[in-house]
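In the two assemblies presented below, chain A is common to both, partnered first by chain B and then by chain C.
And then the complex of A and B:
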C-alpha cells in the first residue's frame, strides 16, 4: 500500500514533474509553449501541448537568490532597469539558458494573455521576435466599468475562436471539443478547491500560514487544467479544514496575534526575511489580493462564461472593484491590518494602490502600510525600511486593539 | 517678416501658450472643448459632436499633487496630466477621453475619477487584436460608447453626415501634415527641429479648420523657395515626444535637424489614414487596424526597427535620435529590439532619456555634443 502524501510533498513532486515533462517534450520534438500566468490554458491542455510559465520560473530564480545574473544580462542588452523584473530575468535566461533554480525549454510559440497587465504584450512580442516564433495573444480589455461589459465578452470569445484556428495551424492537429469540455470542467473544479483552501484561512486562528499561499501559487499557475492539480488542492483544502477544526494556528511555536492581508506579489529574493519579520511580531498574513486571481470559475462548455471569468481578475478590474474586494477581505478574514507592497516592477498594481489604500482605510478604519520592494530585483528592497513599516503597523494595530478592548 | 515667418510665429505662439490658444478658439467658434489623452484618441467623433478636441500631452509643472496618486516611477506625461487636472488648469474642458493603451494609462483613468471629479471622464480601450473581425467590432462598440457620452454632454445627436464630414476634415489634416513634413525636410534651416516641433504641436490646441489652411499655405510658400543646402546632421527622431524644448534648442545649436520622425506626438498621428469602406465608425476602427509600427499597438513582428531603417534610407539621414520617455514601458521594451537592428546596419544612434520637466539637462547636452562630434569627424 502506498503511503499517503501531504499536500506539501505532492506540491514539490508536481512542480518537478511539470518542468521535467516540458524538458522531455522538447527533447522528443514536441511543441512547447511559453504562457503568461493567468492565460486560458484550457486550449493548450486540450491539445496536450506542454507549457512553461516564465513568471513562475523567474519567481523561482528570484527565490533562489540568483536573479541578478539574469537581470544584468538583459540590462546589458538595453532593457531598462525600470521594466518588470520578471521580464528582465526571463529575457536574461533566454540567453544564459542555465540556472540553479532549474531549467526550462525554449518555446516554439508564445501564448499571452494581458488580463494581468499590458507589459506582457511587449515582453512576449520581444520573445517572439528574438526566437522567430509565432505568438497567440488574448487581449482582455481593461474593465473601467465595474463588471465586464458584454461587448468585451464578445471580443474575447472571438479571440478564443481565433486561437483555436491558430493552434490547429501551429500544431497540425485538430482541436478536440470533447476533451476541451472535460478540461474546462477540471479547470473550474481546481479553481474552486484553490479558493476553498485559501478561504480556510478565515478561521481564527488561521490554519494557514499565508506565506504558503505564495508556495502553492506556482502550482495553481501550472496545474489548473490537470487532475493532479485538482487532487492537490482538494487535499490541501481538507488538511486545512481539519487543522481549523482542531483549532490549530499557523505555527506550532508561536501564536497568531495579528491577521493581515498582503497586497501584491511577494519579494521572492527576500521571502524568508519578509516572513520572519512578520512572524517575530505574531503577524500572520492570512490572505492576499493576488491568489484570488486564479479563482477562474465558469460552467463547462460556456465560452462566454469563460471569457468573462478570465477578464474578471482584480488586476483587470476598476479601482472601485479593487477597493470593494479588499473591504470584503477585511471582513471575511477579520483582518487587523494591511501590508501594501509597492512593487517597483508592476505599474499596473502600484498606480492604484494609494487611492485604494485611502478608500479602504475610510471604509474599514483598519491600519495599513506601504513598503517599497520588488518581486525579483534584489536591489529594490531594503529590509530596514520594511522592518520600520511593519513596526509602525504593529503599533497601529495594537492601538486599535486597545481601543476595541476599552469599548467592550 | 515674410509670410513663412509669420505663420511660424503664430504656431510657436499657440504651442507656447496652449491655454490662451484654446480659450481664443472657444471664443471664436463658441464650441466646447474635450481633452484627449494620448494616443489616437478619436478626435473625429469629438469634432463631429461640434466640439474641439485638444491634445493633453503633459507639461512642465512642478509635481505637487499628482504624487498622491502616482508613485515616483510613473512617466512624466501622466504625472503632468494628473497634476494639471488636480491643479485646475483643465477647468475649461467639458470632459476628457483617456484611452488605456498601457498599464499606466489604465490606472490614470481610474485615479482621474477620484482626483478630478469635476471633469467627466470618458474611458476607452483600444483592442490589441485590432485586425481580426472581433477586434474591429469591439472598437466600433467602444467608439459608439464614446459617441453616446459626447452626445450626452453636447445634448445633441451626432449624425452620420457630421461624422463623414469630420473624417474628411481629419483626412485632409493628415494629408496636409504628411506633405508638410516631407517638404519641411528640404528646408532644414527655415524649419529647424524646434520650429518643426512647434508647428506640429500647435494642431493639438486649435480648431483643425483654422489650422489646416495655414499649414497648407506654409507648405506652398516653402515649396516656392529653392531647397536649402545643409551641412549639419540629419536625423530620424523616434519616441513618444521630443521635449523638453531645451533639448531641441541644443539640437539646433549643434546643427542637428529632423529629416523625419517616428514620434507618437508627431508623425504617428497622421501617417495612417482611414479606410474608405464601411460606416464612419468602421472606417475609424480600420484606421487603427491598419496602424503599424507603434509601441502601443500589438506588433508580433516588431516592424519598428525596419521602419526606422527605411526612414534613414529614404531621407539619407545620418542617424537616429531616441527620445526615451523615462518609465514608459512600451517604448522601453521596443528599444533593445530596434537598437540591435540599427546597430547591425551601422546606423549611429543617440539615446536620450527624458522627462518633461528636467532639473538638469547638462548631461544630455554633453551627449548631443559628442554625438555631433562623432558624426562630423
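And then the complex of A and C:
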C-alpha cells in the first residue's frame, strides 16, 4: 500500500515539479511566461503555457541567503538601491542565470498584473525590452472607492478579452473556452481551500504555526489553477482541522502564549531568525494579510466576477478597507498584537502602514510594533533592533493580559 | 537593594534603589556595549552606595546591550524601563522623548504610566546624538560646547539633508561659502529636533512632554524641540539615568510581588 503523504511533503514535491516542468518546457522549445504573483494565471493554464513567478523565485533565493550576489549585480548595472529587492534579485538573475536556490528558464513573454503595485510595470517592461519579448499587461486601477467600481470591472474585463487575443497570437493556438471554464472552477476552488486552511488558525490554540503560511504561499502562487494545487490545500486544511480538533497547538515543545498577525512580506534572508525570536517569546503568528490576497473566488465563466476578484486584493484596496480588514482579523483570530514589517522594498505596503496602525489601534486597542527590514535585501535588517521591538510588544501584551485577568 | 543597569551604545548607566525606593547611588560611564563599560558602571554604583554585589536582591538590565550582559536576573526593554523611570519621577508625563547616542524614541504613556505606543528611529543616525557628534567634529567644537556655540547664532540656517553623510557635505559647503559656525550649529540642533518631531508626530504628542537620554543635557536641542512640537519640554534632573532607574524599579517589583 502506498503511504499517504503529508501536505508538507507534497508541497515540496509540487514546487520541485513546478520548476522542473518549466525548465523542461523551455528545453523542448515550448513557451514560458514570467508572471507577477497575483495575475490571472487562468489564461495561461488554459493554454497550457508554463509559467514561473520571479517574486517566488526571488523569495527562494532570499531564503537561501544568497540574494546579495544578485542584488550586487543589478545595482552594478545601474538599478537603484531604492528599487524593490525582488526586482533587483530577478534582474541580477537574468544576467547570472544560476542559483543554488534553483533555476528558472528565461521567459518568452511577460505576463504582468499591477494589482500588487506599480513597480512591477517598469520592472517587467525592462525585462521585455531587454529580451525583446512581448508583454501582456493587465492594468488594474487602484480602488480609491471601498469596493471595486463597475467602470473598473468593465475596463479589466476588456483587458482580459484582449489578453486572449494576444495569447492566441503569441502561441499560435486557439483559446479553448471549455477548458477555461474548468480552470476557472479549479482556481476558485483552490483559493477557497487556501482560505479555509488559513482560517483554521482561528482556533485556540492555533493548529497552524503561521510561518508555514510563508511556505505554502509559494504554492498558492504557482499552483492555483491546477488540480494538484487544489488537492494540496484540501489536504492541508484537513490536517489543520484534525489538529484543531485534538486541540494541538502550533508547536510540540512550546505553548502558544500570544497570537499576532504579521503585516507585510517575510524577511526571507532572516526567516528563521525572525521566527525564533517569536517562538522564544511564545508568540505565534496566526495570520497576515496574505490569506486574503489569494482568495480570488468567483463563479466559473463569470469574467466580470473574475475581473472584480483580481482587483479586490488587499494591496489594491483603499485605506478604509485596509483598516477594516485588519480589524476583522484581530477579532476573528483573537489577536493579542500586530507586527508591522516596514519593508524598505515595498513602497506600496509601507505607504499606508502608519495610518493603518493608528486606525487599528484606535479601534481595537491592541498593541503593535513596526520594525524595519526588507524582504530580500539582507542589508536592511538588524536582528537586535527587531528583537527589542518584539520584546517591547511582549511587554505590552503581557500588561494587557494582566489587566484583563484583574478585571475578570 | 535593587539594581538597574542600562547599557546603551555609547554609555552605560546604573542605579541602586533601597526598599523604600530611594536612589542610593547612580553612575554613568562613557563606554557602552562590551563588557568593560557595564562592569565599570556597576562597580562604581556599588562602591558609591557602599554595598557589595551580594547585597543586591534583584537586578534588571535594559538597553541595547541587555542581551549580552549575563549578570542580571532579568532583562527588560528600554521602552518599558524609560516609561517606568519617567513615570516614577514625573507622574504627569504622557510623552517621553529619549534621544541617545544612536537612536531616538518617542513613547506615549497612559494615566497609569503604561506604554500606549512608541516609535523608534535607529536605522539612521539622523535625529540622534551621533548626528550632533558628526556636526561638532566638522565645526571643530567639543560636543559638550556645541549647544553654547549654537546659542550665539545670529541667523538660522537650514540643513535640509536628513542623511548624516549628506548633511556633513552640505555643512562643509556652507562653511566654505562663509556661513558662520554658530549659525551652522544652530541649524544642526534644529535638524535633530525636526527629525525627532516627525517621529513624535507619528504617534501624537500629549503633554506633559518629558525628555530623557544624554542629548537632553543639550539645551539647544530642547529649545528647538519645543519650537517644533509646540509643547513645553521638561528635562528630568539626571536624564541619562532614567532607563536604569526604571530597570531598578522593575527589579524592586520582582521581589515585592
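By our rule, the second predicted complex is superposed on the first by the 407 of 408 C-alpha atoms of A that agree within 3 Å, B and C clash if a C-alpha of one lies under 4 Å from a C-alpha of the other, contacts with A are read in each partner's own complex, and residues count from 1 in each chain.
Here, a residue touches a chain if its C-beta (ideal position, glycine included) is under 8 Å from a C-beta of that chain, and two chains touch if they have at least 3 such contacts.
Model, not experiment: these values are computed from the prediction.
Asker: Under the stated touch criterion, which partner chain does A:139 make contact with: chain B (first), chain C (second), both, or neither?
Answerer: First partner only.
Asker: One more residue to check, A:392. First (chain B), second (chain C), both or neither?
Answerer: Touch partner of A:392: chain C, not chain B.
Asker: Touching A:185 in the superposition: chain B (first), chain C (second), both, neither?
Answerer: neither
Asker: Looking at chain A, does chain B or chain C touch a larger number of its residues?
Answerer: Partner touching more chain A residues in the overlay: B.
Asker: One more residue to check, A:384. First (chain B), second (chain C), both or neither?
Answerer: Only chain C is touched by A:384; chain B is not.
Asker: Identify the partner contact of A:319: answer first if only chain B is touched, second if only chain C is, both if each is, neither if none is.
Answerer: Only chain B is touched by A:319; chain C is not.
Asker: A:354 contacts which: chain B (first), chain C (second), both, neither?
Answerer: Touch status of A:354: both partners.
Asker: In the superposed arrangement, does A:257 touch chain B (first), chain C (second), both or neither?
Answerer: neither
Asker: Same chain A residues contacting chain B and chain C, which ones?
Answerer: 354
Asker: Report the residues of chain A in contact with chain C in the complex, numbered from low to high.
Answerer: Answer in residue numbers: 354, 361, 367, 369-370, 372, 380, 382, 384-385, 387-389, 391-392, 395-396, 399.
Asker: Write out the stretch or stretches of chain B touching chain A in their complex.
Answerer: Per the stated touch rule, the residues are 68-71, 73-74, 100-104, 106-111, 113-115, 123-125, 127-129, 132-135, 137-138, 141-142, 295, 298-302, 326-327, 329-330, 332-337, 339-340.
Asker: Touching chain A in the complex: which residues of chain C?
Answerer: Residues 64, 67, 76-80, 114-115, 117-120, 122-123, 202.
Asker: Give every residue of chain A touching chain B within the complex, in rising order.
Answerer: Against chain B, the touching part of chain A is residues 74, 77-80, 82-84, 87, 110, 114, 117-119, 121-123, 125-126, 128-130, 134-135, 137-139, 141-142, 144, 151-152, 154-155, 157-159, 161-162, 318-319, 342, 344, 347-348, 350-355, 359.
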